[in-house]
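Dropping the structure in here first, questions after.
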Amino acid sequence: MRLAGSLAFALTVLFGTAAQAQNPIPVKIGVLSDMSSLYADISGPGSVVAAKMAVHDFNPAAHNMKVDVVSADHQNKPDVGSSIARQWFDVDHVDAIADVPTSSVALAVSDVTREKNKVLLISGAASSDLTGPKCSPNSVHWTYDTWMLANGTGKALVKTGGDTWFFITADYAFGHALERDTAAVVTANGGKVLGHVLVPLNTADFSSFLLQAQQSHAKIIGLANAGGDTDNAIKQGAEFGITAGGQHFAGLLVFIPDVEALGLKTAQGLVLTSTWYWDMNAANRAWTKRWQAERPGKFPSMVVAGVYSSILHYLKAVAALGSAADGKAVVEKMKQMPTDDPLFGKGQVGVDGTVTHPAYLFEVKSPAESKYPGDDFKLRATIPADEAFRPLKDDNCPLVSAAK
Amino acid sequence: MTALADPPIVEARRDGERSLVVAFAVMVALLVVGPFVVYPVFLMQALCFALFACAFNLLVGYVGLLSFGHALFFGWASYLCAHAAKRWGFPPEAAVLFGTLSGAVLGLVAGSIAIRRQGIYFAMITLALAQMMYFVAVRAPFTGGEDGIQDVPRGHLFGVFDLSHEMTMYVFILVMVLASFLFIYRIINSPFGEVLKAIRENEPRAISLGYNTDRYKLCAFVLSATLAGLAGALKALVFQLASLTDVYWTMSGEVVLMTLVGGLGTVFGPVVGAFLIVAMENYLAQFGQWVLVIQGVIFVACVLVFRRGIVGELAHALGVRL
Amino acid sequence: MVEVFGIPSYALFGQLLIGLINGSFYALLSLGLAVIFGMLDVINFAHGAQYMMGAFAAYLMLQYLGLDYWVALVIVPFLIAATGIVIERLFLQHIRKLDHLYGLILTFGLALIIEGLFRNEFGSSGKPYQIPALLQGGRNLGFMFLPNYRAWVIAFSLVVCFATWFAIERTRLGSYLRAATENPALVRAFGINVPRMVTLTYGFGVGLAALAGVMAAPIYNVSPQMGSDLIIVVFAVVVIGGMGSILGAILTGFALGVIEGLTKVFFPEASSTVIFVIMAIVLLIRPAGLFGRTA
């Protein structure tokens, strides 16, 4: 042991001095997230913790690199997000921006990143346009997107008998996209859409819309909304006897903090798609334990896990290239190297920037089934990586046609 | 708002003009040196909001009409300018002009409805109109919903100056904002401006003196909306983006706060207020969760401690006009 | 089956009833705002935050003290009213003589502080709160399924609204209050402590907001931003009813709930905008609101 210890010490000294001799490669990563409002619990401060863990686990000193992490709050406003991004690139020498929940902000930041030739590691934003018509050679979309959510939840439910649908849709571009993608999957698999209702954003009372859903007699009520809107719909659905009456909710964008906010008693039976769950395996549990040291009492969402994995892969690519200066080259390198990390396992970054890995269909447990805090999901189906994400041919991504 | 506290304008003295000239010179000097010290995009953003706040101040500070719907003009001009530049391929000067004119037209429509009421009811009517147009912005296909209109080209000004160059853009914005600032100053010191102030102080008296006050108020409203439109159009070019944030009622609230923090009815107050609020949003972003609390504390302090606004208190302390 | 504009009439009945239930929240909140505006001349922008505090207080009492919904319903309004009284003493009493604008900005600042602190402490995605055991389930009315809790909401808020109206318009204490707003100096001359009365009135208005918050906790998502989404709509309700008019606030609250409910059936996308359309129309026809007295 002593020998090993002193050997390690000697190595550190050796590498340390060597590193000083050739000046470590500086890398700066900015976590741009929603720190204070709607999506702060699924990403926000938790993403910053995950980013720091990724840097620690990568061990920059061993690769002769020096990695800094900064963070800021984009307040869910595209203009605030794009101005922070500009300032980071122009003044603060940030090389890569990570997370960026809210699709509208991510789209704006993507434009800036491309203009400045840096790297965008998307985890929190959902729109599949980011790797579709609006794809960029400077970005990688890690965790999930609307196509994958629609496909996972829609297909699995139709196949298990949920063949008639009614949508409660948030009346904005993101809600429309989510409904459109899911309805396409439902009809393609032999199901039928009976109707939909468009609801203004941040509506507190859903009872009127739930009544309309009830009267449609659809087996599945698809919730094409997010955050507090989803929570309100499910909470009031339980009250109006929707689930007791034999209808089921399908949350198209539900994260573990949403389930915690509802409580299992209300949320039980809800079906959702996720690419990562903290209690899936020993590696995830061990990682969650470390994460919780900084975020006591909370459970990491897939977004937070995606921030960790995307940064880890990014740093590997920078180390392989020996420089973070050319964003396009780094993303190119990320696409060449297969991804491999403790949380998402092995995978691949596609030409369009989508990272493919398996997705899972979960059902929320009942209070009786839940044994300990955070024991919220049970696995219903696994969607293999090659089916979980949109095939390249349907992308309409200019990068794909250029690659041919 | 017939009696907005004690108007912070210290009666113009014979040498009152001098303090204004000095302050203006200082402001111009700071703005010329600014981009070499501070990040230019931040300055451009602050300048756009400064113009917006000055336009708003024209109405509330000099006519005494508190609009709670100015986001309507700012946001819609921003959308229309972005749309003209991106989809119709307008050059920047034409796109900005188009946005500004749309602000004027919207101002004429909204103004002729709203000026029939005073005080809090005026504020509420403007809010209602703005919320209706917000709804249109959410629903209309060309606005792109919450994604907004992104990737707006800055283009070449008069076909010569490449605005994608940050410094060229800055000069363009600076010239436009300073020109508008002087224009507003000219208005409030013209005979027309004197009538407006008379209406603010005592509308029945102005009527009895034979002024058609409704026409004056509408005129001021349209001017204010036009300049707010100009600010919105410029902002669309600076950020290459027009989004829902700019038409939502919180934006109307923000401009009230900028003007109030800087100093209602002062010449330079709105500029100072805008710079302060924009700086807060930008530099507090790193404090993440504490932004809301810090903003709240500043507003409370503003009302309790320096009610005349920063510039108003300064002018009061120095006994000059600012 | 009778149909109205392609909607079966039984479905319409259900929507009308639901509108009425939502209206009871508008009524409770706008009632508080109207009381505060009527007596203090302050537009209380913190009202939404105080409503949110009511809901959170109910959650915290259940979580940490094991006190259930019914206890919360009694205690929380007093608790939050006490914080309101502190706010009045610390801040609002200093700006009494000033323009409305200053009260609005001050309470807006307070709302930001409160909301920010709650977000820092509890996160943004909300907390669970169950419907009390006694009121779970519901009954089938033939045309719709009415949850028992909703029936309770409408009944209880009607009682509270009526009691408040009665206390202010028909009792001796209420007449002092009304007189004090008209002419504080004269009322003081009769030996009544006007400042204390004003403070207590603010506390009462805040208490009403907190009460609405407790009632909302089992059915709406209990999150720090739950109030800020609502406040601007409630403002509109008060303005339509006539600023400071107690009866106006109550009736308009219920009526707008119904109108909003119908919009949710025929043109759901516009359901959050319809109130502003009505506000603009009402203000153009009746400048002081439906029930307001022209000054």
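Think of it as A, B and C in the order they're written, each chain with its own count starting at 1.
Operating definition for what follows: a residue touches a chain if its C-beta (ideal position, glycine included) is under 8 Å from a C-beta of that chain, and two chains touch if they have at least 3 such contacts.
Quick caveat: nothing in here was measured; it's all calculated off a predicted structure.
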- Message: Which label fits the chain touch graph of this model best, line, ring, star, complete or other?
- Response: complete
- Task: Could you let me know which interface, B-C or A-B, is made of more C-beta pairs in contact?
- Result: B-C
- Message: Counting only Cα atoms for the centres, state how far subunit A is from subunit C in Å.
- Response: 38
- Task: Could you put a whole-Å number on the gap between the CA centroids of subunit A and subunit B?
- Result: 38
- Here the gap between subunit B and subunit C, centre to centre from mean Cα coordinates and rounded to Å, is 33
- Hey, what residues on subunit B touch two or more of the other chains? 139, 289, 291-292
- Message: Going by the contact rule already set, what residues in subunit C reach two or more other chains?
- Response: 116, 119, 269-270, 272-273
- Note on the structure: Going by residue number, subunit A touches two or more other chains at 36, 40, 171, 200
- Along subunit B, where are the residues that touch subunit A in the complex? 39, 41-42, 45, 138-139, 144-148, 150-151, 235, 239-241, 243, 245-246, 281-282, 285-289, 291-292
- Counting only contacts in the complex, subunit A reaches subunit C at residues 36-42, 171, 197-200, 202-205, 207-209, 211-212, 214-215, 227-228, 231-232, 235-236, 239-241, 245, 257-258, 260-263, 265-266, 298
- Item | Residue ranges of subunit C touching subunit B (in the complex, touch as defined) | 43, 91, 94-95, 98-102, 105-106, 108-117, 119-120, 232, 235-236, 239, 243, 269-270, 272-273, 276-277, 279-280, 283-284, 287-288
- Message: Can you tell me which positions in subunit C touch subunit A when the two form their complex?
- Response: 11, 14-15, 18-19, 21-22, 116, 119, 123-131, 138, 144-145, 147, 149-150, 216, 218-221, 223, 225-226, 229-230, 261, 264-265, 268-273
- Note on the structure: Per the touch rule above, subunit B residues touching subunit C in the complex are 1, 3-5, 66, 113, 116-117, 119-121, 124-125, 127-129, 131-132, 134-135, 139, 249, 253, 256-257, 260, 289-293, 295-300, 302-304, 307
